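Both of the next two complexes hold chain A, though its partner changes from chain B to chain C.
On to the complex of A and B.
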């Protein structure tokens, strides 16, 4: 039977370069002097420099992971870990330098802010260049600012939470992150405040031979709720770029957080990101994740269901095309009583791309009456790609209902036959099935982002016979 | 001793790969073993010549032990059997450590049934079973272990075109149960059916490491594992179905279910699918938990106590495997074992 051609992800929307202009670019490599210089550039308090130096020591002691994709291409001696753009942070797009403003306009950020966001943060290389939040939310006590400002303006709050969710020694690239982190957002939603519109931070890396290490810290207090959207992209260069961000989420009693990510890094990017949420009593965190870009991704968000009756859901899709190795998945640790987790992961691989679902479900002895349901499906669109599933399930008490299921294969011939018998052409039938495969994820996104995701995938299911 | 490393690396802190067995009690030079019998020898040719090369091993220590095996046999089956070939190892005080190597060769177009049992008093066992399946051959093989002690079992098979092998591995060994299976196909249209049943008690470690490669078109693999854990027993299940490029129209499925009879039992599972071929169907499922409370309540409502009701429900779960066992004696022994192993009155 003929095969449908599925186009590579259309990068033209994201693959545009500005001239590599900056106010300061640190020398390539990683050592104590570089870490001290970053801290100096940021005029940080001494406690933060201490964290950075301690993290550097840990980084030097830890080895590369022995599992997952090959990271031998990464040479920190070729990466500049800090690139300060030619502007300070602004709260009005008019004040942002023209070339940077145009970048975000092309990405649709100001337009999105105007239409349906409660606040926006825009990072260009290593620093946030624009941040805003609606006035009425500020009056309610909501804080949405860049992490550098938060360190200076709310030191006690930052000290209380910073690195308490993701410890410095979590893994080698977390240690790297803490040593050189720069940029990122800080969100504090006070007790009982429910944001009706999402906040969005967008991270753009323009400078070649560099890394982005933004730190996102979100605290959602009791009975509050928030939808946070994260987007990221970069133009493609011939050499390796590195993204090692870190996301720490604290979600308190009865609170709700939805964390949505549309990631489209360029195909020269190593995306070694770390995301973790600590979820208290009766609280819920939902992750919605679309991974489309990067050369290599190792990304496994973690929900720690600490409080009784806490819940988490993960809905994710990854699309591995030519030259991509996307090793993604989800981790959940059940600690509290009556906790529940639901995982729905999908992957599509084509043109030699490698998609791996790697996960952990851990139900600890304290987590009585826990429920966990995991479903992961892999769709292969040709015979030169790979789709692997490597899920670990650790059950340490018997008062649990746990199930895991996975499927892998190509588009069902019988489903195509069925649809064709209803009058669809073979190509239309295949297109419908692939769209349906991605639908559980796109339906979880706000409409505008679902449209973006569909555009991003750009499945040209127009019936080319392959 | 560290055992059972899977071909796929995992995060070390997860503690499922290359696990440490503290009370491995390896016996490097076992004394002669005299309670080993092969019945129905007229159905086959028995040779005292074996091959110990294996692609996947439990551990270097156990592999080394095969050099000093106290039982080595090769069985060549040239024509279809009319009755099962029975191989019995009975442990007693004089014969309490067995290191055995068994090579089985089925020639083309042969159908055979083999039952291997390891039973008796407390003992130590480290066994290697190597099976070569000829074209169009079919083998039903039961490996049944029921003794108090460490039970290390390595199985490896190769299958030529149209060969089919049906494993039923039952382990009631009451200390450490360490199994390692590597199965591969050399021809098209082969089938590997693996049914495993275990019961882990007290502080037992059950470590199952299965690796089935589907290498040629229309290879089929079906792995079903059901077990129960009581007291402080812990189980690690590592099942890999590996679709190699070229295995078009192949199918692989893997199902693992663990019944947890105590609050302190622990179950880890790693059901893996590696897929380098598009035109395949692969699936796996894993589940774990206690005996269904509503079913338990329903049965107890009929005047049956909790222990008996649990036995009925565990037996019913195991039935999906026991129903396929072609030997009634072993079926009955399994039920008796379940009966003895579950007791909430103590």
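On to the complex of A and C.
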């Protein structure tokens, strides 16, 4: 039988480059002058500059993590941390410069906005270039804007929440993030307001030798509900790009937030992202996450189940191909009574890719009658790829129902034979099995993204479009 | 009579062990053949070698199907020529519904599969095979009972309508009622332009089928062939006479 073709992924849909044009690109490196310059470019209030400078000090003190993928190839002296695109923020696609507009059209963003979204934010390099929200939502008091505008227009709200969920000193790349952050979305959903359609922010990094450090801050007040989608991609360059975003989510009593991510960074990206939710009484946060791209990813969303009866679910998949090391997972801290967490994680590795599921379940003494169920499955498509699960469980009271299940396996040759005996080619048979494996996750994604994920899987397996 | 399958003096091995040792067999269109043999005789190997399962090697001899030498063809190419095998232990595939799987397989035969027509056809077939309709939306074979799996194989046989159906131990582990349903399915499939090869070690399934030829397979070789009467004889006396006779 012919060996399965496992060539390089054809990223043509994402891998188109615009000329590296910008209004301003900061010199490469990281020091106090650079941080001050970013703040000056943004015309920020002084309290924000103080946060940045404090973060820089922390960054300089902290060392790289001693676990996980090797990050030694990251040299901040080769990264420009701020690239201001050739436009300011627009609320009509007509006004967005042609080449940037075309980028987002190719990615399907305006089309999706038209079809099924309640609002859209689009970031190009370091700044949001487009933001809009449906008028009726504005009237209800929903705020959906870029973080820079929020700092100026809603300083009290931002001050109250910014960096209060993810502290500056959380880890080295959070400190880096706070020192140079730029762009990202701010969402405020007032009490009792339930959004039927999702909001979506899309992050595109076009500039080579640069980093993207967007900050997403979402507050969902009591009894409110929101589905937020983020997407990200970049064209491939030969040198390292860096993404160190930060997501802070505040979900109040009885509120619901669904946070969906599909990440397809190019294979020269180091994706060192931080996401965290603080979940109050009777509230729920569901994370849905698809990780396909990047050279190295370290991403472990954290749910803090602070309020009694709060719940969280994490549904995630990662697909590590040649040269990729995707170290992803989920963390949950049970604090309140009767809290529950459910994890369903899957990973696929092929052509030497490494997919690691790393998790932490922490149940504090206060979290009586907590429930936690973790299930993670790894599928290796060949003998040179790796799939690992590294769970860490820290259960500090006896009144807990906890289950953990981990499986790592390969596609069975007898299954391939069975499918081929019905007329499917070997490639089709493998793709069918992989799609089936991913199905419990892809069906949780927004429909367009589920279709997109199946397309990505087929591409990954076939090594190109026919 | 038109020859459909010709197996000529084949030697085949798996895991470096020779299993088939000079097996020959010719099946014409319109015929139903039965291969009976004890455990370990090479029954399952035969179907796998015809479909060129990479886990098996054809060391010697030749297999021709409908005028094509199968030697250098892949399993899917052979399937597309019109060979179907009902598996003794069909694989369980998570995340793909039985319906979607059959639709995919069907789309390899014809360009435009009409989903509504197919749905109706499968619902109809399911009824005749006493399969619960909800089985079509369940993941392929996942958590199916032994009987459901076998019926699902027959459902696929009828939906894909191949030229040759190889039924590998389709009756094993089935109760009397399920065996009746399965043989009903085989009768539904059978006509003058196709052929059936039933591989089994027990004869119950044959009671409701019209059998043209019966072969006794012992130690990788067909040691005796005859008509349907041979089935009764084996039922009565077992294989020992043929084992000693070789």
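Rule of thumb we're sticking to: the second predicted complex is superposed on the first by the 427 of 466 C-alpha atoms of A that agree within 3 Å, B and C clash if a C-alpha of one lies under 4 Å from a C-alpha of the other, contacts with A are read in each partner's own complex, and residues count from 1 in each chain.
In this text, a contact is a pair of C-beta atoms (placed from the backbone, for glycine too) under 8 Å apart; a residue touches a chain by one contact, two chains touch by 3 or more.
These numbers come from a predicted model, not from an experiment.
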Check your understanding: After lining up the shared chain so the two structures overlap, which partner does A:391 touch, if you call chain B first and chain C second: first, second, both or neither?
Key -> first
Review point. So, does A:65 touch the first partner chain B, the second partner chain C, both, or neither?
Key: first
Practice item. Could you let me know whether more residues of chain A are touched by chain B or by chain C? Key: B
Check your understanding: Regarding the shared-chain residue A:111, is it in contact with chain B (first), chain C (second), both, or neither?
Key -> neither
Exercise for review: Could you look at A:322 and tell me whether it touches chain B, chain C, both or neither (first, second, both, neither)?
Suggested key: neither
Check your understanding: First (chain B), second (chain C), both or neither: which does A:404 touch?
Key -> first
Exercise for review: Have a look at where A:365 lands relative to chain B and chain C in the superposition and call it first, second, both or neither.
Suggested key: first
Practice item. Once the two structures are superposed, pull the chain A residues common to the chain B and chain C interfaces. Key: none
Point to revise | chain A partner contacts - residues on chain B that touch it in the complex | key: 8-12, 14, 16, 245, 258, 260-290
Review point. Where on chain A is chain B touching in the complex?
Key: 65-68, 360, 365, 378, 380-383, 385-410
**Study point:** Residue ranges of chain A in contact with chain C within the complex
**Key:** 1-2, 412-415, 417-426, 428-429, 432-433, 435-440
**Study point:** Touching residues on chain C, where the partner in the complex is chain A
**Key:** 48, 51-55, 74-76, 79-80, 84-85, 87, 90-96, 101, 104-105, 108-109, 139, 156, 160
